[in-house]
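There are two complexes below, and they share chain A, which is joined by chain B in the first and by chain C in the second.
Here is the complex of A and B:
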């Protein structure tokens, strides 16, 4: 396998972003053209990534890059999920901006730049490169959240995200410095070697450093003590951006978190207890917040916290026998498909200026638009974990993994939390099916989103038949 | 011996500057106090024989970036009456100190655990332009290259955030 093939999806995303940036300067290209171009670039990168054979650990351009990038099946699948999320977010944006103001041509450029940072993030094996990749992703997402200055909600969202994100970045850098002080290197391989040599807990700088690095990741993944920003930021961002943040950002952060914890089994072992309590608190805090929400976007943001909790369970069980990163990626794919499906459906159902966003606004949707309502019901059932959807299989793998790793308490609490989450998922289904319609749910123009919704609904079932391959 | 005194002097100055940054009410005073921090940090880099970083710290941070910040503050023309009245300021400050004290304790413990008073780590020519360049373009090529993407994202992002809307 040629090295250039391994980084080709990365290069294609980066080059695509620059291409859109240049093309946006010409008068001839308007919103429609740029939308199709953006989606096409995501699809192109997706298919390259699909054809790359990354079995084993490949260090692309090991001499030139000094082994700072590593590609394997785990990074390949994570990249595929990210690019698919990018594609469907672009599709949602295409529809969303036919009914909403505030489009800039650079929107797709920032989307692709963010995807570039994420792809890089899944592959990095070095702390400084990791920081730069993290910042590329974050800066692009900050811009996407808040570029519409006329809206106060957006401005509030971007301010909160930017300030807290800067803190998380500072924590990360401080942590990386301490890890370097403790081990004398920033490369994952060298840190792993030092840990194997002299132990993990006997090295205070390394422990403190990785603690601060975990802080930063948990913030970005919206885990328990750092989850407060999520609701306002997801609510304030435009719908397609919320979809992108909820799925792609989470995928890349969990990919890099798993890579970091797997530097050495001892590092992972050192954090198991911490992650154990954190996953429980994250699940139940998320559920409590979600139950109280009236707004769909806020409910989805809160349910995103709950799903972070499940993924943390997977991290606790990570690396134990017969359980690897595969379950994490499977869950991310299942969660991503359902979340994106909901957001793509909302992108054409929410109407002008996002006016239909609360539970009550969707009263009787099933009578007016039965297919859309059926798709939304499928997505909600998948998120709640009802068989035979992908969400059920994802939860099944994670809970089975927790049992195998000897964390029966965690598995049981995961099931309890899953039952609790039915409350807010079924609520929307009840509202859609058992209330009389008051609105006509008119859709402005012929757009791609209804088609995308159906494709994603099929994916919900298709993914559940895939076994965990890693 | 003299380098130890220098270190403590510069470290004290940089911490005082940082304290001034958060304690002064007027942004202009805060910015001037931040200059003290940046310059004393440059001094600390010089103590570590990082010549190039010392120069860059003075030229780029204490020079270019600080003048930009000062320019923006002057541009906004902030008067005394524009400043918000924050009555609970000392309260928040005390709360912050209480919250951060355990973290500071942890950091102190970590720093104590590091091997101190090691033999000089630097060889001849360490920290010069040539040496930094060699390390940067041989070992750290990938981060160096992707920083350009980061800067591009920041640039496009700034234009998008501040640009004119139709």
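Here is the complex of A and C:
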């Protein structure tokens, strides 16, 4: 019975997606109705996830399916973040499609299917389940990127994403073959036991397989050698979809990585050296790209790479004494709130057909729409890590964790990178506040996005008060 | 015996990687990705035999199902691109360049 309780949010999301698919076939439901339904289903799944009590490690299918899934407080909070991201992406979509073409009723269905895959991904404890969850998520997100068939830009974005995503997926599968050959099992616990027993180096198949799996995950998380696709795909996707990819996909990927690395210290130890260098390279590569961007969406994509770098620092420090996944989730929540806030604000400010997307287009926004500009400023300051925002606390926990784990170099470089990132975050604030307005920033009436922006701006401060046990 | 199967599997996989990297036609690229997935399938079945367990068989079946779903999506994208550009060479898709 308890097994069923744990996967109830998962079931609710999947059933919700199918419900929307069915409802979309009827003429009576139009865009507004489906939007509200989609948001309602996300909220519903969120509250179910909130009420499920899964403290401690629980293996929902321990007896039936050989320990396929694991549930604990970590997976629960990761699921909450994903569902909240889904809710606000749906809210952004509601507003976005009042001024933009290319809406299909199945949009929210794909959003829910993607969230379903992500929830499953946070709970996996086994290579087969991981692959299926990864693909459920990826296929739904590919569709979301390219469903607007009349736009050439979207088609190019989905081509790039699908080609590279499927390539990375094939690497993952080959990695799984080699790990399975090396250890004789596909479950994380058994792989961890083999690693703890004989180490990585005595087992060449395991080493090769781990590398291939690492490649696939670095690709999905947009870390250093595999980060180039992210800028183009985020730029080519519709705004609400970009918001969803930037936040929810990242949350689920880091949840599964942390889940895997936390099995035992030996597993973690083998990965630390690579993650150490990758985190440094990711941060600085992201900063370099972001500084050169003129387009807001591309800048946010590049800054997403930088945030991946910080999360990799957290993974390096993970599992060391008194440092749990709490800091990772806190950072993901803080980053998610700020990013979603920006995208929700952009969804009503960007105007018809995403007209306003570059820095210069937002000249003088503060004079015309002071509240929107203030909210955007709050989100940007949170992403840059200025106190007392959630972004500052997230960075603080991660850097403190790196110090505790004895990686002082990493902590210092993290701070340097955070100072560099001020360059492009403050640039937008300067443009908004210290330039004369040239546009009237007219927006569509009766939309939810302005309200959502204010809620998220409040969340930026509210989350920063939430204590994390380091 | 198992070494031969695994060598063949890795060889096929490398051929697939080579195809993805060197060919410019979208269609051939997707075919190469399918080749990579099938190479992995061969590996799974061989290793399942080696370890006398069913996990590899299950994973091979799952990979087939997912590969089919991915192929369906890939074909849709191919048709979409052909409609827009009338050509499937990856070099002509250059609207998003950063």
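In the analysis below, the second predicted complex is superposed on the first by the 466 of 470 C-alpha atoms of A that agree within 3 Å, B and C clash if a C-alpha of one lies under 4 Å from a C-alpha of the other, contacts with A are read in each partner's own complex, and residues count from 1 in each chain.
Keep this in mind: contacts are C-beta pairs under 8 Å (C-beta built on N, C-alpha and C of every residue); 3 or more make two chains touch, one makes a residue touch a chain.
What you are looking at is a predicted structure, and each value in this text was computed from that prediction instead of being measured.
With the C-alpha superposition on chain A as described, chain C and chain B fit side by side in the combined arrangement.
Of the two partner chains, chain B is the only one that A:64 touches; chain C does not reach it. Of the two partner chains, chain B is the only one touched by A:14; chain C is not.
Contacts of A:23 after superposition on the shared chain: neither chain B nor chain C is touched.
Within the superposed three-chain model, A:149 lies in touch with chain B and with chain C [touch as defined at top]. Taking the Cα centre of chain A as vertex, the centres of chain B and chain C in the superposed model span 10°, given to the nearest 10.
Looking at the shared chain after the overlay, A:128 reaches both chain B and chain C. Shared-chain residue A:113: touches chain B; no touch with chain C. Legend: residue contacts after superposition of the two complexes on their common chain; A:181 is shown touching both chain B and chain C. Of the two partner chains placed around the shared chain by superposition, chain B is the only one that A:140 touches, whereas chain C remains out of contact.
Superposing the two structures on chain A brings chain B to within 5 Å of chain C, judged by their nearest Cα atoms. Once the two complexes are overlaid on chain A, the chain A residues touched by chain B in the first and by chain C in the second are 128, 132, 135, 139, 142-143, 146, 149, 178, 181. Residue ranges on chain B touching chain A, taken from their complex, read 106-107, 109-110, 113-114, 139-143, 146-147, 149-150, 152-154, 156-157, 159-161, 163, 165. Chain C makes touch with chain A in their complex at residues 6, 9-10, 13, 16, 20, 26, 29-30, 33, 36-37, 39-40, 43-44, 47, 50-51, 53, 55-56, 58-59, 62-63, 66, 69-70, 73-74, 77, 80-81, 84-85, 90, 93, 95-98. Residues of chain A that touch chain B in their complex: 14, 18, 21, 64-66, 68-69, 102, 104, 106, 109-110, 113, 116-117, 120, 126, 128-129, 132-133, 135-136, 139-140, 142-143, 146-147, 149-150, 178, 181-182, 203-205, 208-209.
Within the complex, the chain A residues that touch chain C are 127-128, 131-132, 135, 139, 142-143, 146, 149, 152-153, 155-160, 162-163, 166-167, 169-171, 173-174, 176-178, 180-181, 184-186, 231-233, 235-236, 289, 293, 298.
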